[in-house]
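Would you mind keeping the following structure in view while I ask a few things?
Letters A, B, C and D mark the chains in the order given here, with residues in each chain numbered from 1 onward.
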Amino acid sequence: MTMESSVVAGSEPTVEPRGFELIEREGLETNLLEVSMGPHHPSTHGVFRMDVKLDGETVTELRPVFGYLHRNHEKLAEDMGYLGSMPFTDRLDYFCSMTNNWAYALAGEKMIDLEVPERAEYVRVIMAELTRLVNHIMLVGFFVNDLGALGTPLLYALREREKILDLFEWASGARMMCNYMRFGGLRNDLPEGWLTKCREVVDAFPYFLDEYEKLLVENEIILVRTQNVGVLKPELAINAGITGPMLRASGVNYDLRKVDAYGVYDRFPFRVPMGEVGDCYDRFMVRILEMRESIKILRQAMDELPEGPIMGEAPRVFKPPAGEIYGRIEGPKGELGFYLVSDGTAKPYRYRVRPPSLVNLTVLEDLCLGHKVADAVVILGSVDIVLGEVDR
Amino acid sequence: MEDPSKSTTSEAHTLSDSVDLDDATRSEMEKAGVIVSSVDWLYNWARSGSVWPLQFGLACCAIEMICSAGSRYDIARFGSEVFRPSPRQADLLIVSGTVTKKMAPQVVRIFNQMPEPKYVIAMGACAISGGPFKQGYNVLKGIDRYIPVDVYIPGCPPRPEAVLHSLMTLQKGIRRQRTLGKGSNNPAYVEGNREYPVPSFSGKDLDPPYNPEVWQPPEKRPNMPEDGCP
Amino acid sequence: MDLLGSGIFKGMAVTLKNFAMTYFDRGRKERLPTVQYPEAGDTVTLFTRNFPFLIYDGEEEVDGMRCVACQICERECPPACIYIVKEKDENGKFVKRPKVFDIDVSVCMGCQICVEVCPFDAIVMDSEFEYSKEDRFGDLLFNRDELLKSNDYYHKIHPEEAQARDANLAAKKAADEAKKKAREEKAAAAAAAKAAAEKEASEKKDSPEASEPVAEEPKAEPAAPSENHAKAESEAKEKPAAEETPVEEPAAATDETEDAKEESSGGSEGKETSEEPEETAGSGEDDEKKAEEGEGVS
Amino acid sequence: MLVQFANWVQGELACSPALAKIVGILLAAVPLATVFALCFAFTTWLERKGLARIQNRIGPNRVGPFGLFQPIADGIKMITKEDIVPRSSDHFFHLIAPLLVLVSSMACLAFIPFGLGMTMSPIDTAVVFFFAILGMNTLAVFLAGWASRNKYSLLGGMRAVAQMVSYEIPLVLSAVTVVMMVGSLDTREIVGAQVVEGWATSENSGLRFLGQIAGWHVFTPWGFAGFIIFFIAALAETNRSPFDLPEAESEIIAGYVTEYSGFKFALFFLGEYIGAFAVLGLAITLFLGGWNGPNFQPWWSSDPHALLIPGFVWFFFKMFVLMAVLIWIRGTLPRLRVDQLMSFAWKFLLPLALVNVFVAGFLFHVAKEDRVWASVAAFVFLYLVAKGLSRMNQSDAPAPRKYHFAE
């Protein structure tokens, strides 16, 4: 029995598994080993399930199963005022509450053509780039953990993350679920001394990155494990709608910060790191390089931060005119969009999130086929998913 | 080794019930000798000093749980940094995050797979009551409907220190347990093997909606104001 | 290419350095950032928020309570974890004080929206987090007396925010008093107009709506100023008559509550409909949910 | 002292030789088991503390002073925990597997000389026996994976067999060099060969000091290469990181121990660590001079053979240093993939070990006065071979890349 016959129609993978044949002899029965990895599995980053068929250790079929964290985010938001959904967006991608807030605020502001004051825009950029640091550093930590390191890189990442979370806590009151942005600006201004502290943290970050790179980037085991594993071709990436660092690791230059230039991103010169091969190592390195660019943006934004109000002329009751809007930003994981349909009342008629995690996850089977089961774990780690966003 | 006590007196489901010993049991204990109590002390000391949690994350709270194992908070100080990936070797199930109806059977199954004595911490609003998502159609309104929860940590998500605090609360609870002797109140021994029926998810809802062995819907507040019905 | 393993040795040097440095930089907290929680305090800052509490001024807990039971927070709370019952005096009239004010912290998500919508600065966020309990219904449902904490405590945990809030309150109070004075002077002159307006309004509305408990509030506040009614009327014209808000508007006794109502007019609808999915969930959840909300005082 | 005690007891029981023999074995085995159980407890503490420090944490410090009683608490907890046997598992093999791991690891310890006259089972073919019994470990691990009837366990068991069988070859080959050079399979003789006789008994205390070190095999070219190969293979043989594939927790939950709980899991844990001790003990015996170490003559004694620091202290010191290196490696490195693990064993370690055997043979026949030059040449040759091998495996070990940026 060859594998081609067992691939179920309808989900034709674009990558052919390596040819192999099961031994069939008289009196000897052989079967593919079906393993259901997850929903409780140490490496699936939450409650995600991969139904894997293994030939020995080689993945011959992989079926992702979602929905273990479906929390009705969109439905709840349609029963709630526009502002009421803001804290819920925190819980979408729980690493990046600030960028989630921003994407939602952006969509809302587009709906009623709201002008955001200069200072608020700058603070948003600062917060978003800090979030990018948090997300990427955690991703790299978890990724190396999936490779089998016993938590050390992850704990170094956590150590640095705590410093940034302290900044978030100082500004917004909460470590993870910041709920900091509002339609038309921010909930409160930066506290006194915040900028100084932030500058300290940002200045110390490159040293940490140096050390981190020394620990990981040249490590032969990591090189061997990640290079040429899970190669994502640019054509497939574009066809599947992949965004974010994963797309750029495949060599496609597409960064919404450049394309849309939302907020005040057109004022900061920064570079977009590009991968060439599109394998796990590229995805890992692109994120490390992106952190260095984020630090540049952060420094500029902190230097140019103007004085002024932090809240625009937002109406007290947010009641947008009937219509639809799509607001998107470059989240740390990719294009995070909010699609809102208003019927003129104070609640959205339709509220839809375009989660980068879910879209990026769609190519998982293509990436994993033909690799070992250990690679499937690594590839999943390099895709960077957060189940809160995938299942919503 | 795992000899469940024959005592039927105790109906203790929560650890808090074991705070007060009535005099009869106390004298009984004294008669049974110091050995029982000192062995109990040893058991409790060992169990509370080496609570190995299951490496099990559901949602947002899982990140704070990992943070509590991080270098800033360091749950290892309490001897609990050994996050075992397999439920067979874990003592503590931290239900960290939203339990959806699709996930609830698996959580119960994991609880069943854990060896006695086992403890459960419901971490975060979602695990306790469904939290902010409790109005959703797919969210279980509290994991304590299916498995007995020892400690609840409110918060959304709770700080890592709250996790440590809950661990200390759990340790206090463990130290109050009496395992041997007649007045045993350790549910792991009194109730035998706590393996609860796994609810089935039909695609719409869970069946049964709760496990009557561990949870009953609370009665309505008797002194509900007449005029203030919501 | 170097000999196989040179990258590994670099990495091992990093971990060795980290290992050694933990013994040498206690002061900088760079390599050993551990805060030994129960003994060495916690990492809570002066800006941390966790769960809301109610402020009272002065010494008396209940009398100094700032909350007037306007129920805005109850309506606006995204996870609907607040439950308020207004207090009545002997005559059955509503006093501006909650009789029951429950917050189910097992549901609360600490989003701070109740604080933002509160027009009286009566509810603010606490930074206390040690609430790990063994009883969900008994310990995690905070009632009014548990929630009441003094303004001094608030100053202790969030000094900057508390000062800003106090200044804000003082300014508001001053402005109110000035307005009140002006109003009283005007009141006599506007008496006739007011009577006419009231008559008109009552003709316009259905009678059952007027007999709702909220509508009783103006009686408690005899000096209801005419300006409000004028405003309410003008708004009533704009909005369709079926909406509830115009009826509530006259109930607003002072400028503050009125502001709050305006803010929350969207949210009031949100609350109503947000209960719907529960009832339609068809899983028997709604009964239990109500029971959960109701449980606790006993 | 223990030896004296044993001799005394045996003397007392001289009337019945059979009984005396049994008692003698017990007398040797019981302290061994006790000491290594304590070593295991201490190592778990060391590991948790060390890893914590590597990760910038403090580590256990609540249970006893500095968390020293942590292993005791863990042990009591494990023993009193429920023992779950999966319904569909093979109950007998499920039970026997952890015992087998422990027994085989413990038995390996019998051939290690911990000190002067402190070998439990002094036989002439100790090295052969050691590897033979160590092989049982593989069987036990596979048995555990298979008997559990769990897919992850099965995967772990399969990985374990493949890994342990392949790494046993370089392990044995690197030990062969020592056997060749010493000309004996007896571990005591191997240890004895690592003392520079002339120096160790000389009047000059400095020379005597050096004489205990200079003869270690690790300082010879073949010994150095052999030690590195042995150490790497030992990591794989004992399932330590970065070769901990049979229990890779991020991939296959806990591998072959997935279905084990309570005391059986503790036995696995214990067996694994004892196995590590045994293999490290052999490494010390073969390459690191056994129980020899820089030593002094005690001031009260005039006997030139008397030692201030007893041999077993040196032995255990070396063992814990090596254990610390294991912990350090564990705290740093991610793990290899199963096919890379194989190719590393077969394409790198095995050729290197073979070349090393030839180098050792060459050096064996070099005249004494040319030893220094030959040694230097051998070092260079081995280095070049290692480099050539890593170049040949270049397709498996790609280099870091350069990245370009889009503006």
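Keep this in mind: a contact is a pair of C-beta atoms (placed from the backbone, for glycine too) under 8 Å apart; a residue touches a chain by one contact, two chains touch by 3 or more.
Just so it is clear, the structure is predicted and the values come from calculations on it, not from any experiment.
Asker: Return the chains common to the contact lists of chain A and chain B.
Answerer: The common neighbours are C, D.
Asker: On a C-alpha centroid basis, what's the spacing between chain C and chain D, in Å?
Answerer: Once rounded, the distance between the two centres reads 64 Å.
Asker: Measuring centre to centre with CA averages, how many angstrom lie between chain B and chain C?
Answerer: Taking the average C-alpha coordinate of chain B and of chain C, the gap between them is 32 Å.
Asker: If you average the CA atoms of chain A and of chain D, how many Å lie between those two points?
Answerer: The separation of the two C-alpha centroids amounts to 44 Å.
Asker: Multi-chain contacts in chain B: which residues touch at least two other chains?
Answerer: Where chain B meets two or more other chains at a single residue, that happens at 55, 70-72, 74, 77, 85, 132-133, 135-137, 156, 159.
Asker: Please output the residue numbers of chain C that touch at least 2 other chains, ranges allowed.
Answerer: Within chain C, residues 4, 8, 11, 14-15, 18, 32-34, 36, 43, 78, 109-111, 274, 277 contact more than one other chain.
Asker: Would you mind listing the residues of chain D that make contact with two or more other chains?
Answerer: As it turns out, chain D has residues touching two or more other chains at 54-58, 249, 253, 331-333, 397, 399.
Asker: Is the chain-to-chain touch network here best called a line, a ring, a star, complete, or other?
Answerer: The chain contacts form a complete graph, every chain touching every other.
Asker: In their shared complex, at which residues does chain D touch chain A?
Answerer: Its residues touching chain A are 51, 54-57, 151-152, 154-155, 158-159, 241-242, 244-245, 248-253, 330-340, 396-401, 403-407.
Asker: Once bound in the complex, which stretches of chain C touch chain B?
Answerer: Touching chain B from chain C are residues 32-38, 42-44, 50-51, 78-80, 83, 85-86, 88, 99-100, 104-111, 129-137, 139-140, 213, 274-275, 277-278, 281-285, 287-298.
Asker: Once bound in the complex, which stretches of chain C touch chain A?
Answerer: 4-8, 10-11, 13-15, 18, 33, 43, 45, 47-49, 76, 78, 109-113, 116, 125, 160, 262-263, 265-267, 269-270, 273-274, 276-277
Asker: In the complex formed with chain B, which residues of chain D make contact?
Answerer: 48, 52, 55-63, 67, 69-70, 72-77, 79-84, 249, 253-254, 257-262, 265
Asker: If we count contacts the way the header does, which residues on chain C are in touch with chain D in the complex?
Answerer: By the definition above, chain C touches chain D via 1, 3-4, 8, 11-12, 14-16, 18-19, 22-23, 31-34, 36.
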